[in-house]
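Two complexes, one shared chain (chain A), two partners (chain B, chain C).
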Partner chain A sequence: MLTLGIDTATKVCAVALCRDGQPLAAYEINMGMTHSEGLVPQLEQLFTRTGINKRDIELMSVSIGPGSFTGLRIGLATAEAIAYSLQIPLVGVDTLKALAYNIPVEGVLLAPILDAQKGNYYLALYEWKQGKLYEVESVKVVTGGELGNILLAYMKPVVVLGEYAKITDSLPAGVTCAPKTVSMPKALSVAMLGMEEHLGKENKKYFGLEPFYIRRSEAEELWEQRQKNLAKSDE
Partner chain B sequence: MSEKDIYILGIESSCDETAASVVKNGREVLSNIISTQILVHRKFGGVVPEIASRKHIEHIMPVIDEALKQANVELAAIDAIAVTYGPGLVGALLVGVSAAKALAFANDKPLIGVNHLEGHVFANFLAGEDLKPPFLSLVVSGGHTSLLVVEDYNTFKSLGQTRDDAAGEAFDKIARYMGLQYPGGPEIEKLALQGNKKAIEFPRPMLPGSNDFSFSGLKSAVINYIHGLEQKGEEVPKADVAASFQAAIIDVLVKKSQLVLQATGLKNIVLAGGVSANKALQDALASGAAEVGARLIHPTPILCTDNAVMIAVRGYYMYKNNEFSDYTLNANPSLQIGNR
Partner chain C sequence: MLTLGIDTATKVCAVALCRDGQPLAAYEINMGMTHSEGLVPQLEQLFTRTGINKRDIELMSVSIGPGSFTGLRIGLATAEAIAYSLQIPLVGVDTLKALAYNIPVEGVLLAPILDAQKGNYYLALYEWKQGKLYEVESVKVVTGGELGNILLAYMKPVVVLGEYAKITDSLPAGVTCAPKTVSMPKALSVAMLGMEEHLGKENKKYFGLEPFYIRRSEAEELWEQRQKNLAKSDE
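The block that comes next holds the complex of A and B.
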């Protein structure tokens, strides 16, 4: 199954092609360039260089979040429009799970983290068992300070990956930082994981996915806070 | 041999409407799908950019799908994909731009980045069947107030614009100050119907010798008037305030338009932008234009507010002029009219 993967959840702009279990091509840029300008040109070059006809794609896989809200929407709008045009199914894969997929090693706890702004991080925990990736702890938003204790509580060797650069120094001993080469989102992981998750499922959707924001917009949070305060002052 | 029919798919997501449309030969509307977010933003008193973007990504593909289905045109039969790339909210614009670029790429179709304001002007080609450049356009929206000469289908010259608040912005701010619900423009218009427009003499800033506009002084005068009454504990005659304020803005817009019509000798003036839906403005500008021997054309109500028909129509003329965008097209939140 020829699968196209897209990941624009972080500063990395990544596109890749795989067929069944076989990686074919990947084009990833980690230079802070705008996704909006670069994503479709990158796709175009991917197909030109591989000589693969885009009309032969059978599955569209996109990194759905958590991540930058705008980045997620650029990736999803692009993926949906391609899936719709080619009438192929679309799968959304968890950005953190796709990161853990970069390191297929058993016996360690994989802790992908992404910057959630203002000192906060998105964190989830995964573990490989018999060649399959399992979620140990679902995603939550934690502060950089809390992270170390959360990881220590598992009493297991932990490998952090993703956007850990700002908190490397505050991580406790026993927590290893993954090499940078496997720390950034990879569209190949998105494509392969998307294909795995798609197999055996009745999925004929071209669109209708929603980014995995986790957090509501600031305006909604403020509004709700105001309503609560109003309710209190009424008492 | 007759020329081949041209089908343009238009896409619009610059503010709080997600819209798509198929237009044939720049004149025949085959579909006009609009998913509005007005109710979503109402409790916040205005458009919340992040919420707008979230609604756009939810609706963009269903709206495009519906536009194609209703037009009964397959993607393969579309000649080009036209999309608003500015001005507007950047996050909102990016949803439409990303979808449009991917559609163009996946279907090997030309991509056309359209200026939203030029789209508003071009909506008038569907209202006046015989409308041809050159003509004058009064662009009045939440972000813009300008007098623009449309010299030909692809050349626009701005003669004047607002130096501070746009006309629509003044409407919205006064509406909010008066506690009216979002969007404020239509609420003021409704309220004004029950008021006396001569009740309060608000200033009419004319900026003699210039074609520019300035509405912030008028806005302050209205706010001071309301505030003054409130201080004295007197009741604010809301309907009279709305009517008098609206009359002041309309007076300025009409007089300035008349001056430019006379100076340029143009015989047609068109209304464009969200405020063009205001019936009192339409009526006053129609008679004002007639006084100086010109004719007013304005879009039908559904094409006054944001829609994708106008983007497809503008796209059609750019298609004819071989003005295409490449896949690096980005959103430009502060795009100026005439800049492409």
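The block that comes next holds the complex of A and C.
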């Protein structure tokens, strides 16, 4: 099953192709460019170089967050448009799970984190067992200060990956940070996980895939603020 | 230091850019295409999409084997041409070490292998300690049958990666195979390792980088055979 993966949940713009568990191509750019500018040309180049016909894609897999509002919107809109055009299924993959998939080693607790703004972090915990990635703890929001104690409580070697740059110094001994090469979202992980999740559910209809934003859009926040102000002035 | 990495030691054609330990872009194609056809266009697309000027590259890093004759020749020739044109240093990185760099986790023994033909495998052993990758055993050639016992002797969890496809079934319990996503050579690993190895040796001159072929070229083997036959007919 030829699968196209897209990850634009963070500043990294990543696209990849795999077929039946075999990686075919991966293309990641981490230059802080806007995804609206980069995603489609990057996809186009991937198809040009691999010689794969877009129409042969059988499954679309996209990273659905937690992540940035605009990044997720662009990734999901592009993935939806491709799935709709080709009439193929579209699977959404958790961004934190896809990050954990970058380090396929047993015996360590993987702690992917993403910056949830204002000193908060999205955190989930995963572990590999016999070639499969399992969720040990589902996603929650914690402060940078709490993170170290939460991880220490597991009494296991922990590897933090993702957006840990701001809190590296506050992490306790025993918690190691993954190198940057495996800390970036990879669309190959998204494609492989999407395919794994789709297998056995070939008849499933994926409607209304909803992205998981780190925070609401500026417009929504401003609107709420204005409603509050209006309510106050009415009093 | 803006570093360009190239890995064409296997069937994978991989190029990547990093700056001062920060991954900027990576582009890998694993379609069994010839590198002479794919490498330069892939590099060109990388520069187009990142907007990075080729002339700004400060260090060239290339995977020097073990690997296939033609692949290494094309990679090294391209890397040498770029280094020569831009008058920048060129560092050679061991292909097995670059493979081990794909799995940056402590507490496991990493066993990258590459198919050395005729039932033989190139094997080296590596381990991460405090964020650095150390060689535990340098490269040697072993048969597929010997491999399992060699790895078991270390009495540690071992992860095999690379070209293990033909011997997966003969590996003993306790030895796990890394998923295919991290088993392919990655030029980002080559770029990062090249940069690490170059730091502190900025004045070193890298002359006469020699690739490490898995086997000699067909032409060399035929020539030797002919010499032997000629010697016999002289007797």
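Following the convention adopted for this analysis, the second predicted complex is superposed on the first by the 207 of 235 C-alpha atoms of A that agree within 3 Å, B and C clash if a C-alpha of one lies under 4 Å from a C-alpha of the other, contacts with A are read in each partner's own complex, and residues count from 1 in each chain.
The definition used in the following text is that a residue touches a chain if its C-beta (ideal position, glycine included) is under 8 Å from a C-beta of that chain, and two chains touch if they have at least 3 such contacts.
Since we're looking at a predicted model, the values are computed, not measured.
Asker: Put the two structures on top of each other at chain A: do chain B and chain C fit, or clash?
Answerer: Here the two partners, once superposed via chain A, fit next to each other without clashing.
Asker: Could you tell me if A:143 is touching chain B, chain C, both of them or neither one (first, second, both, neither)?
Answerer: Once the two structures are laid over each other on A, A:143 reaches no partner at all.
Asker: A:69 contacts which: chain B (first), chain C (second), both, neither?
Answerer: A:69 contacts chain B only, not chain C.
Asker: With both complexes superposed on chain A, which partner does A:28 reach: first (chain B), second (chain C), both or neither?
Answerer: second
Asker: Of the two partner chains, chain B (first) and chain C (second), which one does A:170 touch, if any: first, second, both, or neither?
Answerer: neither
Asker: Considering only the touch criterion stated at the top, classify A:38 as touching first (chain B), second (chain C), both, or neither.
Answerer: both
Asker: Thinking of the overlay built on chain A, is A:210 touched by chain B (first), by chain C (second), by both, or by neither?
Answerer: First partner only, chain B.
Asker: Can you report the least C-alpha distance between chain B and chain C in the superposed arrangement, rounded to whole Å?
Answerer: 11
Asker: Is there a shared patch on chain A that both chain B and chain C touch, and which residues make it up?
Answerer: Looking at chain A, the two contact sets intersect at 38, 41.
Asker: Looking at the complex, which residues from chain A come into contact with chain B?
Answerer: Within the complex, chain A touches chain B at residues 34, 36-41, 43-44, 54, 69-70, 73-74, 76-82, 84-86, 206-208, 210-211, 213, 217-220, 223.
Asker: Which positions of chain C touch chain A when the two form their complex?
Answerer: Residues 21-31, 33, 38, 41-42, 45, 48-51, 101-108, 131, 157, 159, 176, 178-182, 184, 186, 188-189, 192.
Asker: In the complex, go through chain B and note every residue touching chain A.
Answerer: Counting only chain B, the residues touching chain A are 43-44, 48, 50-51, 53-54, 56-58, 60-62, 64-65, 75, 91, 94-103, 105-107, 326-331.
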